[in-house]
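Okay, so chain A shows up in both of these, paired with chain B first and chain C after.
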Partner chain A sequence: MNNDHNQPPAEAGKAHMPSVVTEGDPWGSVPTVAGIEPQNAGEAIPRKAPGRLREILRKAWGNPSGRVGFVLLGLLVLAAVFAPLIAPHDPVVQTLAATNEAPVWLGGESGYLLGADSLGRDVLSRVLHGLRLSLLVGIVAATVSALLGLTLGILAGWYEDTLGKVLMRLADIQFAVPFVAVGIALTAALGPGLGPVLVILSVWGWTTYARTIANSVAQVKRADFVTAARTLGAGTGRIMVKHVAPSVLAPVVVLWSTSAGVLILAESGLSLLGLGVQAPGFSLGSMLSDGQVALRLSWWAVLFPGTALLLIVLAFNMIGDALRDAFNPSSSLAPKNPELV
Partner chain B sequence: MNILRFLFWKAVLLLIVLVGVTTLMFFLTRATGDPAVLMSPPEASDAVIEATRQRLGLDRPLLVQFWETLVNTFTLDWGSSYALGSEVRPLVMDRLVPSLSLVVPALVLAAALAGVIGTYAALHQADVRGRFLMGAAFVLDGIPYFLIALVLVLVLAIQMGVLPATGGDGGVALVIPIAVLTIQGFATLSRLTRGQLIDSLSQGPVTMAKSKGLPARTVLFQHAVPLALPPLIAYLGILFSFMIGSLLILESMLNYPGLGQLLVRAVNQRDFPIVQAAVIVIAVLITLVNIVMDTIVRVLDPRLRTKVS
Partner chain C sequence: MSTPPIIRTGKTAVDPTDVVLELDEVVQTFHGKGGLKVHAVNGVSLKIARGETLGLVGESGSGKTTVGRAALRLYTPTSGRITFEGADVSRVKGRKLRRILRRRSSMVFQNPSTSLNGYMRLGEILREPLDVHRVGTPAERKRKVEEILDVIGLDAAYAQRYPHELSGGQRQRVGIARALMLDPSLIVADEPTASLDVSVQAQIVNLLEDIQAERGLAYLFITHDLALVRRISHRIAVMYLGRIVELGAAEDVFARPQHPYTASLASMELTPEHQIIPEGELPSPANPPPGCSFHQRCPIARPQCARERPELTEVADVVSGQPRSFACHFPGELTLALADERVVTVPPPLPVVPALAAR
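Moving on, here comes the complex of A and B:
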């Protein structure tokens, strides 16, 4: 399975471009991943994680913007975990007298730090609690799709001429349908709710991982240590789990961090349409949906959850950029994960 | 591989996408709801529902129905809406132009802005101005597009009152969605443009041109830009699908009568024929645009025309 000509920009302009386009695979319109180059023939066989992974994480931590990202994400996660302790009010209690009350520093009289929404609920407490679901959905969905992508990518690379080809065509089909479109269509079938959204976010993202690692897997399959393991009597399954998977773990982690932010936004987008989490549950996205109708009266009920989303995405983007730089120092700025969104 | 073979395989790709998406949508919608029940009024008796089922041929084996759906997709016979009773094809097609009149200008604007800003940042990569621009692009890249939309509505429509908050007639309705899509697109694209240009500025042909003593302008536009351009054009295809994805949500938020609004409405009414047709049209659109971009790249980039091993 060769890469086609439609490499993501960050790679395509590189010196090795001609070698990437050779076999003339006219297929997929989907590029592999942003800035993560599949190991090509002639390059060293990827070193095994966890050594490599640890090295990448350390390098990313050494990068100032990476460190800011890690700290920011850490703070957001702490805020989410301890939301019940730090939130000054109950996030679902409606105080009629405080309806659309301005933040205290804008002259609000009820003492709400970030104001109250159109149902008189404390915006700060809701942002803190809303963080929980948003982060949880993003992290769970990113992790599930990473595991799925890792599995399918290994299988696609190992059986490159059979299953690999089928999976790559499937990825082509998926590329043509934006995430949001499937999400919307699925809620037509299953009804709105957190479940369907979580399912689609987890299932749709495998393609990027699979495309990225399939080449490396095909390479590793021919490596000496695999032959050695086979000679010693290891079965295919054992080799895949013990030898192949660790060698492609690093790009999976890099991709995970870039996709988590995108997935959180996707959940917010669907919740914004009322197709995601249903009341009384709420995420940052559904807060935007609630606040949108009363935008004129209480912009704080929209802007603050929106800012929280922005901080999450920035944190993941910073970490993602830093990890990618550490993984592949020669890559220039790359686009967001092209197969999500 | 010559261009005709290239186009042939791209046509096959389109076919695969069409069959694949139709299959996906058919089984997705059939697995979860009985169209006969959905089409009948809630108080309908079992006999009425059964009659509807027979009239629509829904009592036949699933595979027969699937084959028929597949054939109908290709013959552009997309059935009629459950909720409205009218034919689906004109309903969907009428929404195509309004949606495209948001995406196409946004794509052009984003590309133009990104070209200027990305080039500037690449040429000033070491100094404050270049760094500032890229920092701004990084932050802009992180702002959720729907938040941009809400802020624009708040500022332009509610605070300043220069635009209607939702809907509006003619050109006015286009301003906010186009602005949102443009901002979303150009942030990523200008970071990419900068990266590509910095890469190409250090490549052989460009350093050669520099060392020949050609003027900086000639080096940039005759040598560096052509090297940097093809992947960026290919990325426009990806950006197009991003924008369509965002548009599906933006249109409902801003009450703009496009494909996205139609899709979301159809979902709320569980109007499967429309959902199915809208998703298929979107998939075909995205695939076609990407094929066009790939073809342009192929024509522009001589390296792609010859086999190199």
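Moving on, here comes the complex of A and C:
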């Protein structure tokens, strides 16, 4: 009988209860043993402990790469927000005399810090203004797809045998469909503009999230603390919001950060195909496509928006890495539920 | 037995007619891999009265956890009836289930680390049952959380802490506190001390006993620790392969085992040469043997055992006179070896119950 009861007799009777059998012993009077600290540690406990997300962010900030990422992203966002104030010129005004004017430091005579493009527009001002749309697209699309992916991933994991199977099959199908073709089709259907691109970028990303978290959700569903909530009457909706979502938030936040950079690049890719924002509106991506026609005459009109894009992606990736480290289960912040990570 | 068999320190007085939970022929079948039907629980009947602890023992895989979870309607029973405080809850759902069973019962788990959500503060964890059932105002809920922390011996400031900041024993106490938030009449405790240090086990058991004495709640106490189960249970049920094979007063069951499987469990507390170790492994609940489910492993099995399944039969214990039941064609025939200096209480010779030998 290879089982629970097959203990040597010394253990079977486990030094159990002898010390405990004292009549009417309030359990508090059980001799204090090593490992049981005094329970009135009230002084040492802050009344309001910091929130978990704040702890994670603080930890990511403590990571050098995370700090560089946050500072870089902060500067880019500031530049975007205050573009109208700091841009030296109107980004859409064309100055014929300045056509393909080189940056000042390359001998440009009209005083454009980063030169002018083939239509005589100030590249610096355009980069600053272009940042706004690019960052907006990236952040909005990443956030929408994260929320969508989180929701669908939770549903897929919770109803793993039914809805989960359907959703995972859908994800496989979507994987086989070329993203650009859908972009073109959607633009054909909805007309050109930022709208269709924003829609497709927001919708396309859910699969990564859903795949990443569905398994963990299925595990959390079986966790004792979920069973406890069920025995106490919590409904499925409450359990998903209060218990499941926080348990899978870590990968979602990390993915959000990395995907924001990727989505900004995807928007530029679509811009190169003429999809997305239409003139006179522009993003860093559409600047690349505008600039390539006169690449030989004014390479600065491509290099600087490209550099800005690179910095954005870099910032998001560095933040993503730092967040991943901060969420790492071996870190002291992680809950000690190994099966949940 | 190595310890005096009857130590009834904290055991409360029980009126056996004041039934909180009754299972009647409950069957719980799962669909295992490859379309196999796993009969995890195969016709279990039991009653637990207010203030009573029913100990449920049996080797792992015998279906103890499934009985506990079925009692709390974490599944819908395949067949049979579950009655809680007089209401048939076998098939109720949604709001009705919530109002009757969920409001008045709860569970304590083996592993206190996985039974508390690591992302929630203790205050939130403890408040959740009140939130779910909309009990009291926010201020009252907060006060109730502080009260319960006091009951389990933690400072109110712990409400702001996360589970990983606590020791295992503290966590288990929080698990018990959560189970008490709605003033339940029934707690299913599934091996609540199995993952704790011996010293901490004592605290937890004392806490559970004190709470029972104070609030008169019923425990379905699942464990494989025989010394513990004897100490805290009023009655003990022995499970084997999805069925109860023996059930009786705590002081009778292991002192005078009638079923050979119970005898083998009881013998594990003796020195190795006196242990009765059934051959082979627990059969798969997907494919239970015909006749007596213990017959392949039973040291005294006879041909009849493979053909006819013994029914659970109730008799009066010959010594205590208390009711006890067992499912065996040849009850009491397998006796415990007694010649051991460590055995302080020598059980009387095992009586043969003639009425049953005939069956």
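A few points about this structure:
One rule holds for everything that comes next: the second predicted complex is superposed on the first by the 266 of 341 C-alpha atoms of A that agree within 3 Å, B and C clash if a C-alpha of one lies under 4 Å from a C-alpha of the other, contacts with A are read in each partner's own complex, and residues count from 1 in each chain.
One rule holds for everything that comes next: a contact is a pair of C-beta atoms (placed from the backbone, for glycine too) under 8 Å apart; a residue touches a chain by one contact, two chains touch by 3 or more.
Just so we're clear, the structure is a prediction, and the values are computed from it rather than from any experiment.
In the superposition on chain A, contact is made by A:Leu295 with chain B only, not with chain C.
Shared-chain residue A:Asp90: touches no atom of chain B or chain C. Of the two partner chains placed by the overlay, only chain C lies in contact with A:Thr227; chain B stays clear of it. Put simply, chain A uses residues 5-9, 12-15, 17-19, 21-22, 24, 26-28, 334-336 to touch chain B in one complex and chain C in the other. Interface residues of chain A facing chain C in the complex, by the touch rule stated above, are 1-9, 12-28, 30, 33, 35-37, 39-42, 45-49, 52, 223-225, 227-235, 238, 242-243, 246-247, 334-337, 339-340.
Within the complex formed with chain A, the chain C residues making contact are 2-3, 7, 9-10, 59-61, 69, 72, 74, 98, 102-103, 105-107, 109, 111, 113-121, 128-129, 132-133, 153-158, 160-164, 167, 169-170, 175, 178, 181-182, 188, 197-203, 205-207, 210, 224-228, 231, 264-265, 268-272, 275, 277-278, 281-282, 297, 342.
By the touch criterion stated above, chain A contacts chain B in their complex at residues 5-15, 17-19, 21-22, 24, 26-29, 31, 169-170, 172-173, 175-182, 184-190, 261, 265, 268-270, 272-273, 275, 288, 292, 295-296, 299, 302-303, 306, 309-310, 313-314, 317, 332-336, 338, 341.
On the side of chain B, the complex with chain A involves touching residues 1, 5-6, 8-10, 13, 16-17, 20-21, 24-25, 28-29, 31-33, 138-139, 141-144, 146-147, 150-151, 153-154, 158, 165, 188, 191-192, 194-196, 198-200, 203, 227-228, 230-232, 234-235, 237-238, 241-242, 244-246, 248-249, 252-253, 263-264, 266-267, 270, 272, 275, 278-279, 282-284, 286-287, 290-291, 294, 297-298, 303-304, 307-309.
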